Each structure stands twice: as C-alpha cells, then as structure tokens.
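Provided herewith is a single structure, encoded as structure tokens, for subsequent inquiry.
When the chains are written out, they are named A, B, C, D, E, F, G, H, I, J, K, L, M and N in that same order, and each has its own residue count from 1.
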C-alpha cells in the first residue's frame, strides 16, 4: 500500500458515502414538503398558485443541501487536491 | 494485495453501498408523496390535474437525488479515474 | 488470498447487500402507497380510475429505485469490469 | 484458508443475509397493504372487487422486490460465477 | 482451522441468523394484518367472509417471505453445495 | 482450537441467538393481535365467535414463524449434521 | 485456552443473552395485551368473561415464546451435548 | 489467563448483562399495564375489582419473565456448573 | 495482567453497566405509571384511594425489577464468589 | 500496564458511564411525570393537593433509581474494594 | 504509555462523555416539562401560581440528575483519587 | 504511510462525512418548516405574506447550520492549515 | 507516541465530542419548549407575559445543561490539568 | 507516525465531526420552532408580532448551541493550543 493507493481508496469510499448518506435527509424532507403541498392543494385549491410557489422555493433550498453533498462528492472524484498533489510527485517518493 | 486490487475492492463495495443506502431516503420520500397524492385525489377529485402536476414535479426532484447516487455508483464502476490511473501505470509500479 | 479472490469476495458480498439494503426503502414506500390507494378507493370509489392510474405511475417510479439496486447487483455478479480485468491477466501477475 | 474456501464462506454468509435483510421491508410493506385493504373492505364493502384487485397488483409489485432478493440469494448458492471459475481452475492455483 | 471447519461454521451461523432476522418482518406484518382483520370484523361483521378470505390470501403472501428464509436456512444446513464439494474432496487437499 | 471446538462454539452461540432474536417479532406480533382481539370483543361482543376463530388462525400462523426459529435452534443443538460429521472423523484429522 | 474452556465460555454467554434478549419481545407483547384487556374491561364490563378467557389464551401463546428461550438457556447450562462430549473425552485430547 | 479466570470473567459479565437487558422489557411492559389499569379505573370505577384482579394476573406473568432472567443470573453466579467443574479439577490441568 | 486483575476489572465494569442499563426500563415504566395516575386523578378525583393504592402496588413491582439489578450490582462488588475464590488462593497460582 | 493502572482505568470509565447512562431513564421518566402533573393541574385545579402529593411520591421512587446509579458511581470512585485490595499489596506483586 | 498517561486519558475521555451523554436525558425531560407547563398555562391561566411552583420543583429534581453527571465529571478532572495516587508515587514505579 | 498521506486521508474522509452527516438535520428541519408553511397557507391564505416572510427567516437560520458544515468541509479540502504545514516542510522530515 | 501526544489527542477528541453530543438534547428540548410557547401564545394571547416569563426561565435551565458541556469542553482545551502536568515535566520523562 | 501527525489527524477528524453531529439537534429544534410559529400565525394572525418576537428569541438561543459547536470546531482548526505547542518544539523531539 503506497500513498497513492491509500488516498485513492479514501477518496472512493468517501465520495460514495457522502452522497449516499447525504441523500437521506433531503429526500425525506422533500417528500414531506411535497406531501403537505398536495394535501394543502386538496384542502384549499384556490390558493394553488401561492402554495406551489412556496413549495418550489422550499424544494430549492432543501435540494441545495443535497447538491452540497453532490458537489463534495464530485470534487473528491474529479478535482481532488490531495490526489493531484500525490500524482504530481515523482514516483520515488 | 497490490494497489490495483485494493482500489478495485474499494470501488466495488462503495458502488454497491452508495446506491443501496441512497435508495432508502428517496423511496420513502416518494412513497409518502404518492400516498398523500392519492389521499388528496380521494378528498378533492376536482383538483386532480393540479395535484398530479405538482406530484410529478415533486417526484422528479426526489428522483433526482436517487439519480445522483446512481450516477456516482456508475462512475465508480465504469469511469473511475483512480482505477484508470492505476491500470495505465506500467506493471512494475 | 490472491487478488482474484479478494475481488470475488468483495463482489459477492456487495451484490447481496446492495439488493438486500436497497429493498427496504422501496418496499416500505410501495406498501405505504398501496395502503393509501386502498383507503382512498374505499373513501371515494367514483375516482377509482384516477387513483389507480396515479398509483401505477407512482409505483413505477418507486420500483425504478429498487431496479437501480438490482441492476448494480447484477452488474457486480455478471458484468463486473474489475473481475474481467483481473481474470484476463496472465496468471503470473 | 485457500481461495475456494474464502469464496464459499462469502457466498454462504451473503446468501443468508440477503434474503434475511431483504425480507424485512417487503413483509412490513405487505402487512401494511393487507391491513389497509381489510380496513377498507370493512368501511366500503361495495367496492370490494376494486379493492382486492388493486391489492393484488400492489402485493405483486412488493413481492417482486422480495423475489429480487431471493433470486440473488439463489444465484449466489447455485449459479455463482465466481465459485464456478474457482473450482474450474486446476488445483495448483 | 481447515477449510471444512470454516465452511461449516459459516453455514451454521448463517442458517441461524437467516431465519432469526427473517422472522422479524413477516411476524410483525402478519400481526398487523391479523389485528386489522379483527378490528374490521368488529366494525363490519356482515363482511366477514370477504375479510377473512382477503386476510388468508394476504397472510399466505407474507408467510411466503418467511418461508423463503426458512428454505435458505434449510438449504444451508442440509443441502449445502459448498459443503458437499468440500467433503467430497480427498482429505489431502 | 481444533475443528470440533470451533463448530461446537458456533453451534452454541447460533442456537441461542436464533431463538432469542427470533422471539422478538412473533411476540410483538402476537401481542398486537391479541390486543386488537380484546379491543374488538369489547366493541362488538356479538361477533365473539368469529373474532376468536380468526384470532386463533392468525396466532397459529405467527406462532409458526417462532417455531421455525425453535426448530432451527433445536437442529443446531441436537441434530447438527456438521457436528455429526466432525465427531465421526478419526481423531487424527 | 483449551477446548473445554472455550465451550464453557460460549455456553455461559449464550445462555444469558438468550433469555435476556428473548425477554424483550414477550414482555412487551404481554404488556400490550394486558393493557388492552384492562381497557376493554373498563369499556365493556359485561363481556368480562370472554375478554379474560381470550386474554389468558393469548398470554399463554406469548409466554410460550419466552419459554422457548428459557428452555434453550437451560439446555445450554445443564444439558449441553457439546459440553458433555468434551468432558467425556480423555484429558489428553 | 488460565481457564478458571476466563470462565469467571464470562460468568460475571453475563450475569450482569442478563438481568440488565432482561429488565428493560418487563419493566416497560408492566409500566404500560399499570398505566392502563389506572386509566381504566378512572374511567370505570365500578369494575375496580375485575380490573385489579386481571392486572395482578397480568403483572405476575410479565414478572415471571423478569424472574427467568434473575434466575439465570443467580445460577451463573452461585450455581454455575462450568465453574464448579473447573475448580474441581486438580490445579495442574 | 494476572487473574486477579482481570476478574476485578470484569466485576467493576459489569457492576456499573448492570445498574446503568437496568435503570432505563424501570425508570421509564414508573414514569409512565405515575403520569397516568396523575392524569387519572385529574379525571376521576373520587376514585383517588383506589388509584393511589393500585399505583403503589404497580410501582412496587416495577421497582422490584430495578432492585434485582441493584442486588446483582452489589453482589458483584461486595460478595463476589469468583473474586473471593481468587484472592483466597496462594499468590503463586 | 500494571494491575493497579488497569483497575484504576476500569473504575474511572465505569463510574462515568454508570451515572451518564443511568441518568437517561430517570430524567425522561421524571420529565413525563412532571409534564402530566402540570397538565392534570390545568385540567382539575381542585385536586391540586392530591396530584402534587402523588407526584412527589412518584418522583421520589424514580429519583431513587437515579440514586442507585450515583451510589454505585461513588462507590467505584471512593470506596472501591478492588482498588483498596490492590494498593494494599506490597509493590512487588 | 506509562501508567500516568493511561489514567489521564481515561479520565479525560470519561469526564467528557459523562456530561455529554448525561445531558441528553435531563435536557429532553426539562424540555417536555416546560412545554407542558406553557401549554397548561395557556389552558388554565388562573392556576398559574400552582403550575409554576410545581414546574420549578420538577425542574429542580430533573436538574439534580444532570448535576450528578456534572459532579462526577468535575471529580474526574479536578479531584480524581486514582490520579492523585499515581502522581504521588515516586517516578521509578 | 508517511505523514502527508495520513493527513490527506483524514481530511478527505472528514470532509465528506461532515457535509453528509451535517445535511440530515437541516434537511429534515427545512422539510418540516416548509410543510407547515404550506399547510398554514392552505388554512389561512390571507396571512400569506406574514407566513412566507417568517418562513424565509426561519429557512435562512436553518440553512446557516448546513452552511457551517459546508464551510468546514471546504476548509478541510482547500484551506487545510495542517496540510499546508505538512507540504511546506522539507521532504526529509 | 509519547505521553504528551496521547493526552493531547484524547483532549482534542473528547472536547469536540462533548459539545457535539451535548448539543443534541438541549437543542431538541429548547425547540420543543419554544414550539409549545408559540402554540400557547396563539391559543391564549392574553397570558402572553406569563408564558414568555415561564419560557425564559425554562430555556435558561435547559441552556445551563448545554453550558455544562461547553464548560467541560473549554476546560479540556484551555485549562486541562492533565496536560499541564505533562508539559511541566522535564522532557526526559 | 510522529506526534505532529497524530495531533493533526485528531484535530481534523474532531473538527468535522463536532460541527456535523452538532448540527443535528439545533437544526431539528429550529425546524420544529419555525413550524409551530407558522402554524400559530395561521391560527392567530393578530398575535403575529408577539409570536415572531418570541420565535426570534427562541431561535437565537437554539442557534447559540450550534454556534458553540462551530466555535469549538474553528478553535480546533485555527487556534489549537495542542498543535501550537507541538509545532513550537524543536524538530528533534
């Protein structure tokens, strides 16, 4: 196990777990928000435009948290500064 | 255990766990959204078109989180930059 | 423990856990959706066609998440690129 | 511990855990669906045929997830490609 | 620890855990279904025949999941292909 | 630690855990079923015979799951094929 | 650590955990059943005899699951076939 | 670490955990039963004698499960057959 | 690490965990019982004597479970037969 | 690591965890009891004296469980018989 | 790692975890008590003095449990008898 | 494993887990807040402006907690003082 | 790993976990208290002054528990007696 | 692994986990408080100013707990006294 391999393994495992664990909260939160929106629409159809507008703002904020996780996951796979530093070193290190 | 094997193992295990863990949140969230949609339809059949339209937008956003996980899982199996770097090295490394 | 064995073990264990863990969320989500559909049918039998149509769309989306897991599981067993790479190497490696 | 034994152990343990863990979600989901069906029948006996038909479609979809797990478990015991590859090798490997 | 012992241990432990873990979901699911059936009978005694018929179909489907686990457990104890392969080898292996 | 001891330890631990873990689900399920039966009897005493008959059928099915676990536990203690195979071998093995 | 000691340790630990874990489910189940019985008695005192009779049948079935665990625990302490086999061997083994 | 010490440690730890874990279920179950009894008494004071009688029978059955755990715990401390066998052996073993 | 130290450590850790874990169930159970008693008193002040009498009987039974744990904890600290056996041995053992 | 240090470490860790884990149950139980008392007072102010008296008796019994844990924790720190035995031995042991 | 360091590490870790874990129960319990007090005040403002007095007594008892944890934590940091004994020994031990 | 590699691995793993675990709470909290906002809009459409203004303030505060986690994660990847210190040292250290 | 490093590591990890774990309980408890206060204000605006006064007293008590954790965390970082003792020793120890 | 590396790793991991775990409680608590505030506004729009003022005070107190965690996390990264002490030592230590 040389240094390059260890950093690669840590990056692979972390990239996967980040988006996997990070999807639980936002998905449940969005599910709840959508569910309440539908129930609110059935109760008060006249306020439909206000409800859907508020829903989309809320979904966007929750989705942003999922996107933070996705961004970190992508950075770890494709723009990992630690990996770049290691493979830029001469092989003898 | 040479480097190639370790990275392959980490990729295999992470790819599976990413989609496995990442399916829990979205599936529960979608189940809740669909359930409320059906209950809303039964309560207010006249608002059916608004409800189903909002439902599909919501399902699409929740599904997108599951797709993030699936994408990371596929990248780790078929387009893994760490794996490509390792198998491109001469065998003596 | 040579490389081939390690990759085979990781693939076997991951394939099983992926579909095992990945079945929990979709099964619960579908159970909830079906349950609400039946309760909605009992409450508003006249809207039966709308309810069952929405139910089937929703079930299809939730089932798709379970199928992602099944696909990853099958890829790991029958079309595993890491395994193919390893068994294609000459034995001396 | 030679290679054959390790792969056999991994297959045995994974086959059991796959169907064991994979039975939790579908069983709970089906239990919920059946329970709601019975409660719906008691509430609206006249819609019995629609309710039972929808119930059976829903149960089939949930059962399909349990069957995915059972199929993977059976593949790991009786049609395991990794095991077949190992026992087909000459003993000296 | 020779090969035979390791495979025997893995089979014993897995056989027990498979049916032990696999009993949780079906037992809870059936308990819920039976409970709702009784509550439905008390609410609508006239629909007793429909309720009990639907209950038995539902219990059969849930029980089938428990039986999958029991079958895998029995296969691992009495018809384990890995064990048969190992004890069929000459002792010197 | 010779082979016989390892198999004996695995059998002892598994036998105990199988019935211990396997008792949780059925006991909770039966408790729920009995509880609902009593509540149904209090609500509709006239349907007592139908309720108790359905209750006993349901309890029998749930108890059968607990009995699966007990059977596997007993097999592992008193009719364990792996143990029989080991103690039948000459001591020198 | 000779064989006898290992088997004794496994038996001691398993005997305790079997009854300890095995008491959780039945105790909660019986508590629920008794609680509902009391609440049913308060609601419908006239059906007292039917309720208490059904309660005792139900408690007996739930208690039987706890007794399975107790029996396995006692077998492991006082009638353990593996222990008997080990202490019957000559000391030199 | 000789044999005697290992068996003593296993006995001490198991004796404590058995009663500690085994107290959770019965205590919660009894708490629920007592709570419902009090609530039932407040609702139907006239049925006090039936309620308290049923309560004591139920508490006795739940307490019996806690006593199983206590008995196993005491056996492991004061009447442990494995310990007796070990300290009866000559010291040279 | 000689024998005496190991047994002392096991006794210390077990004594603490026994009463710590053993306090969770009874404390929650008593909290529930007391809470319901207060709520019952507020609902039916006239039945105060019956309620408090039943409460004290119930609390006594739940407290007895906590006392089992405390007794085992005290035995392990002050009347531990394994410890007494060890310190009674001559130092050379 | 000599004997004295090991026993000191076990005592320190156990003393802390005993009171830490042992505070969860009683604190939640007392919180529930106090909460219900306040709600009962708001509902039936006239029964205030009975309610507060019963509350204090109940709190005393729940607090006693927390005090068991505190006592064991203090014994382990300040009156630990195992520690006293060890530091009383001559240093050469 | 000499003795002093091990005891210091055990004291540091335990002191932190004791107050950290010990804060969960009391904080939730107090939150519940305060919440019910506010809700009771809104429902019956006239009983405000009785409610707040009972609340403060209850909070004091719950807070006392948190203070037990804090006291043990402080003792472990600033008045630790094991630490005092170790640093009082001559360095050569 | 030299120092640089260890610090890189710790940074990678921690950066991922920080945002992954840190997304659960805020996502669920925001989901709840949005859901209640929609339900409040359906109940009282006239207070729409007050509700959405309060919602946005609340979302901003909850989002700030998620942003704390994202900031720490970014600092660990791109502005890690420990990493900078290590790679600034001459290679011979 | 010399003594100083081990104590520093233990202090760092414990300081972080103490405030991290210690924030869960108080935050949830305060959230509950504030939520009920708002709901009480909406129900009984006239009792606003009493409600807010009681709320602030309650929040102060719950906050005090969080502050205990923060104090212990700060002590471990900036006024750690074990650390001071270690760095005050001459380097040769 | 020299001392500097170990302290750096401990600081990195702890800094991340502190804010990650510390965000769960405050985020859920704030979500609950905001949700109730919105529901209270919909129920009693006239008390809007009192409700939002109380909400902001409550949010500030809950946010303060999250800020404790953030402060500890920042201290561990940028003002860590243990790290400063280590890097101030001459390299030969």
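In this section, contacts are C-beta pairs under 8 Å (C-beta built on N, C-alpha and C of every residue); 3 or more make two chains touch, one makes a residue touch a chain.
The shown structure was predicted, so the numbers you read here are calculated from the model rather than taken from an experiment.
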item: Separation of chain K from chain G in steps, with touching chains one step apart; value: 4
item: Rigid-body rotation angle, chain J and chain B, from Cα fit (steps of 5°); value: 155
item: Centroid distance [mean C-alpha coordinates] between chain J and chain E, Å; value: 43
item: Averaged-CA centre spacing for the pair chain L and chain C, given as whole angstrom; value: 30
item: Chain E and chain K: spacing of chain centres that average the CA atoms, whole Å; value: 46
item: Between chain C and chain G, centroid-to-centroid distance (C-alpha), Å; value: 37
item: Contacts with two or more other chains, residues of chain C listed in rising order; value: 1, 11, 13, 15, 17, 19-21, 24-26, 28-33, 35-37, 39, 41, 43, 55, 59, 66, 73
item: Chain contact topology (line, ring, star, complete or other); value: ring
item: Starting from chain G, with chain H taken as the next chain, the full ring order; value: G, H, I, J, K, M, N, L, A, B, C, D, E, F
item: Chain I - residues contacting chain H, complex; value: 1, 3, 6-7, 10-11, 13-15, 17-22, 24-26, 28-33, 35-37, 39-41, 43-44, 46-47, 50-51, 54-55, 57-59, 61-62, 64-66, 68-69, 72-73, 75-76, 80-82, 85-86, 93
item: Residues of chain A touching chain B in the complex; value: 1-2, 4-5, 8-9, 11-13, 15-17, 19-21, 23-39, 41-43, 45, 48, 52, 55-56, 59, 63, 66, 70, 73, 77-78, 83, 87, 91
